[in-house]
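See structure below.
A, B, C and D label the chains in the order they appear, each numbered from 1.
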Amino acid sequence: MNVIADLCIVPIGVGVSVSPYIAACQPILAEAGLDITLHAYGTNIEGDWDAVFTAIRHCHEAIHRMGAPRITTTLKFGTRTDREQHMADKVDSVKAKLAQG
Amino acid sequence: MNVIADLCIVPIGVGVSVSPYIAACQPILAEAGLDITLHAYGTNIEGDWDAVFTAIRHCHEAIHRMGAPRITTTLKFGTRTDREQHMADKVDSVKAKLAQG
Amino acid sequence: MNVIADLCIVPIGVGVSVSPYIAACQPILAEAGLDITLHAYGTNIEGDWDAVFTAIRHCHEAIHRMGAPRITTTLKFGTRTDREQHMADKVDSVKAKLAQG
Amino acid sequence: MNVIADLCIVPIGVGVSVSPYIAACQPILAEAGLDITLHAYGTNIEGDWDAVFTAIRHCHEAIHRMGAPRITTTLKFGTRTDREQHMADKVDSVKAKLAQG
């Protein structure tokens, strides 16, 4: 089952700068073979269900190993059975509607 | 790794009433041995990482089988390594602070 | 416009215990005349749109005044025009479906 | 108070294609003077607190007027008092950490 997700991981108890922890997740997600795009409030991820959720677990484990005692994550994710859809399709679909006025 | 989560599953393309789909998830989560509490905007879940995420996958699969062509889910989840914490502890902790004024 | 919401405020840069900050929000929300229910991963809120969002702003301001330099919040909120619905209705609706088997 | 947000609006009861509704929000947000970036699972928004939340209300109102009887939205938003930060800074900060290895 293919999943399109939006991952926002927030380490708690490591001070105000969380970017080193977010940066540490990017290669974990990429090396899992997932399609990823970083944005200003999270990372879009696309891949097979198991690959996506295993990689997210590895992110949590890595951030704890970096010293964060606590993590809270907000994850949005979608599945569909009616047709194949990829991340770029979702953006293109909205942009096509905008172009139509 | 223990996880405390908040699951909000939204089936899309099945009309305005989503409660039959949410109801279908409750036994799936409970039978997976998870501790669950339904609230007005989701279901609190606690359990081992693999049990939690496997059960959530089974919820998506069940809702698709019920006829929903598309699902979008918002999931918050937290892990911590500094101490053991359960769902009731989180609520108690806030209530204790409130009682202190 | 009536709103049912689920508020999860996370202060960043104040250490691992966030419950004092969450506790500080409860009277702000209650004194704004909102119907609130604390759960293990947030607070359910119901009220008029402006009252809800003004109170949430007051929560952010109060938490910053308590010393949190940074806050990230996850808010789910719903509106509907087809019928009146309250927080208890949402839970009851799922429970009714469960009772039907 | 400046806010950086991530808005994901889901109209319910209008079938499986939600892109026309998402597209309708883009000019509402842009004409409110907000800085916006569409991504595969939402729209990043930056602006003054009141402008951001007023525009989001206008999005809900517009989508209801388009015929959606029900809407559920997931919104992440952050404020900070320690320093000024813009959306591009957040992405740059992670990319700088990645470049450092």
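Here, a residue touches a chain if its C-beta (ideal position, glycine included) is under 8 Å from a C-beta of that chain, and two chains touch if they have at least 3 such contacts.
As the structure is a prediction and not an experimental result, all values here were calculated from the model.
Enquirer: Over half of interface residue numbers shared between chain B and chain C means same, under half means different, so which is it?
Expert: same
Enquirer: With residue numbering as the guide, point to the option in B-D, B-C or A-C that repeats A-D in over half of the contact pairs.
Expert: Overlap exceeds half of the contact pairs only for B-C.
Enquirer: Averaged over CA atoms, how far is the centre of chain B from the centre of chain D? Could you give it in whole Å?
Expert: That gives a centre separation of 25 Å.
Enquirer: Please report how many Å separate the Cα centroid of chain B from that of chain C, as a whole number.
Expert: Centre separation, chain B to chain C: 17 Å.
Enquirer: Using CA atom averages as chain centres, what separation in Å is found between chain A and chain B?
Expert: 19
Enquirer: Two or more other chains touching the same residue: where does that happen in chain C?
Expert: As it turns out, chain C has residues touching two or more other chains at 8, 13, 16, 69-70, 72, 74, 76, 78, 80, 82.
Enquirer: Within their complex, state which residues of chain B touch chain A.
Expert: That would be residues 1, 13, 49, 53, 57, 60-61, 64, 69-82 of chain B.
Enquirer: Help me check something: in the complex, which residues belonging to chain D touch chain B?
Expert: Contact set of chain D toward chain B: 10, 12-13, 15-16, 18, 69-70, 72, 74.
Enquirer: Can you tell me which positions in chain A touch chain D when the two form their complex?
Expert: Listed in rising order, the residues are 4-6, 8, 16-17, 19-20, 22-24, 26-27, 37-42, 44, 46, 74, 76, 78, 80, 82, 87-88, 90-91, 93-98.
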